[in-house]
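What follows is a group of structures, each given as structure tokens.
Below are two complexes that have subunit A in common, paired first with subunit B and then with subunit C.
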Partner chain A sequence: MTEHTEAPTVGMGGIRDVVSVRLPAVSAYLSVLRTATAGLAARLDFTLDEIEDLRIAVDEACAMLLTQAVPGTDLTAEFELTGQEMQVRVEVSTVGTALPKRDEFAWMVLTALADDVDAVTDSPDRMAIVLRKRRGAARPA
Partner chain B sequence: MTLEISREHRNDFTIITIVGEVDKTEEAMLSAQIDEALTAARPRLLFDLSSMDFIDSSGLRLLVQASSRAHRCGGSCALCCLNPVPRRIMRLTGLDAAFDLYPTLGAALAKGRPESAASVEL
Partner chain C sequence: MDIFRTTVRHVNGHALVAVAGELDIATRPELCSCVERVLGTRPDTLVLDLGGVTFIDARGLGALLLLRRHAAELDTRLLLSHVSPAVRSVLVMTGLSDAFTVSAEAASVSASVSASVSASVSAAPADASAGGFAPPGLPPAAGGHRLDL
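Entry: the complex of A and B
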């Protein structure tokens, strides 16, 4: 695993830190990423429930991507922390692109836990899921 | 190792105790234990989740399948001792309504009143 944190740039909204984590694209590292997620969310003073939501959401997003990942490649996770929000982009190398099925149970869980979720395919051999969670955001009933 | 699973028979129940975190990596281990438990004629599964710290959709799917299969064989499936984190994801997904939930193992074994009875058929 490699981890890199950019020097913080402080703007009008407070902190804006970006933390990148690179791990082998195998599910054995999901627990490591969950732990990293919880630690970073705690930095933003998310509530315990919100931290758990993020932990599960990142796990779900990665688990979905890992089914498409090319063996022997890495999964990258980029956490962008601003004052009120965490954005997480997880990405893997793929052969072709098969977007996650939105009627899958895992996708349903993911969208229930994060405020915004999107599947992104910027290039034909990469697939990413971007999720955002805001501190104190009202959850849809 | 992030997960340990044990299985024992007590009263009429097969108690499956999950210790640790259930995710995509570990789902095969849980699936194998459930398959073994379901070999009984009328399986009465009871999952002791007092030491389960985390479960994601892959684990939830296995619990749902276990319950469905147990009921099809004339058996049952209940959960006890949910920690706050699994309880939260089950509530968010609506799956808490699919299981009889007991506050303690003792209450489940005594076949007492669940804290929440299944109201949705799987």
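Entry: the complex of A and C
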């Protein structure tokens, strides 16, 4: 796993931080990514409940992508931290793309926990899910 | 990161599988193979003690549903005990809060299994009644009830 912060200052006062994490696209590494997610959310002063929501949301997004990922490739996660919001883009290499099934439990959980979610399938050999969560937002019903 | 582990105990035709750690896409096969093995012994009741589960996602939940179905096919009752807030909230999100039975009986089966194990290990039956799996909050009512959410 490699991890680097492209802007050294925490996103206070409108400063934008981007953290990229790259790890093998295998399920055993998901727990590592969940831990990274929690650590980054804590930097934005998310509440414990919000941190847990993000941890699960990122996990669900990745679990959906892993079923499509080309073996031996990497999963990348890009976390963008602004003052009030975290945006997470997780992406894998695929052979062809299939939209996530909206009736899956994973999609239900993901959309329940994140403020918004987009599946990005405009490239034939990449698939990404982008989710955003704002601090202090009520959980969507 | 918590190490995922399962602990199996049997007593009087009942089986208790205590699950600990994070239940996700990576650890789900381990849970399934463990529980399928236990189901192969055809217990009357199988209690899944989720007290040690610190994380569960949709794949973990899917495993519980799959195991519930296999148990039903074998005429084994599958009950949950010690459903943590983490597990509960994912059940609610997926509309599955009524899909599983959490019963006081599950607690007493857990307690008796745990008691018999601690009695045989420590030869101190006087302490055995304080079985480590008995949750403090469950009412002593007989029979199963739906997960109270």
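Keep in mind that, in the parts below, the second predicted complex is superposed on the first by the 135 of 141 C-alpha atoms of A that agree within 3 Å, B and C clash if a C-alpha of one lies under 4 Å from a C-alpha of the other, contacts with A are read in each partner's own complex, and residues count from 1 in each chain.
Basically, a contact is a pair of C-beta atoms (placed from the backbone, for glycine too) under 8 Å apart; a residue touches a chain by one contact, two chains touch by 3 or more.
All values reported here derive from a predicted model rather than from experimental measurement.
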Clash or fit: what happens to subunit B and subunit C when subunit A is overlaid?
clash
Name the contact category of A:A28: first (subunit B only), second (subunit C only), both, or neither.
both
Is A:F105 touching anything from subunit B or subunit C once the two structures are fitted on A? First, second, both or neither.
both
In the superposed arrangement, which partner chain does A:R55 touch: subunit B (first), subunit C (second), both, or neither?
both
For A:T47, select first, second, both or neither according to whether it touches subunit B, subunit C, the two together, or no partner.
neither
After superposition on the shared chain, which partner residues are touched by A:A63: those of subunit B (first), subunit C (second), both, or neither?
both
Just to be sure I read the superposition right, which of the two partners does A:S123 touch: subunit B = first, subunit C = second, or both, or neither?
neither
Based on the A-chain superposition described above, do subunit B and subunit C contact any of the same residues on subunit A, and if so which?
27-28, 30-31, 34, 52, 55-56, 59-60, 63, 66, 105-106, 108-109, 112-113
Contact residues on subunit B for subunit A in the complex?
2, 21, 23-25, 54, 56-58, 60-61, 84-85, 88-89, 92-93
Which of the residues in subunit C come into contact with subunit A in the complex?
1, 22, 24-26, 55, 57-59, 61-62, 86, 90, 93-95
For the subunit A and subunit B complex, residues of the former touching the latter
27-28, 30-31, 34, 49, 52-53, 55-56, 59-60, 63, 66, 105-106, 108-109, 112-113
In their complex, what parts of subunit A are in touch with subunit C?
27-28, 30-32, 34-35, 52, 55-56, 59-60, 63, 66, 104-106, 108-109, 112-113
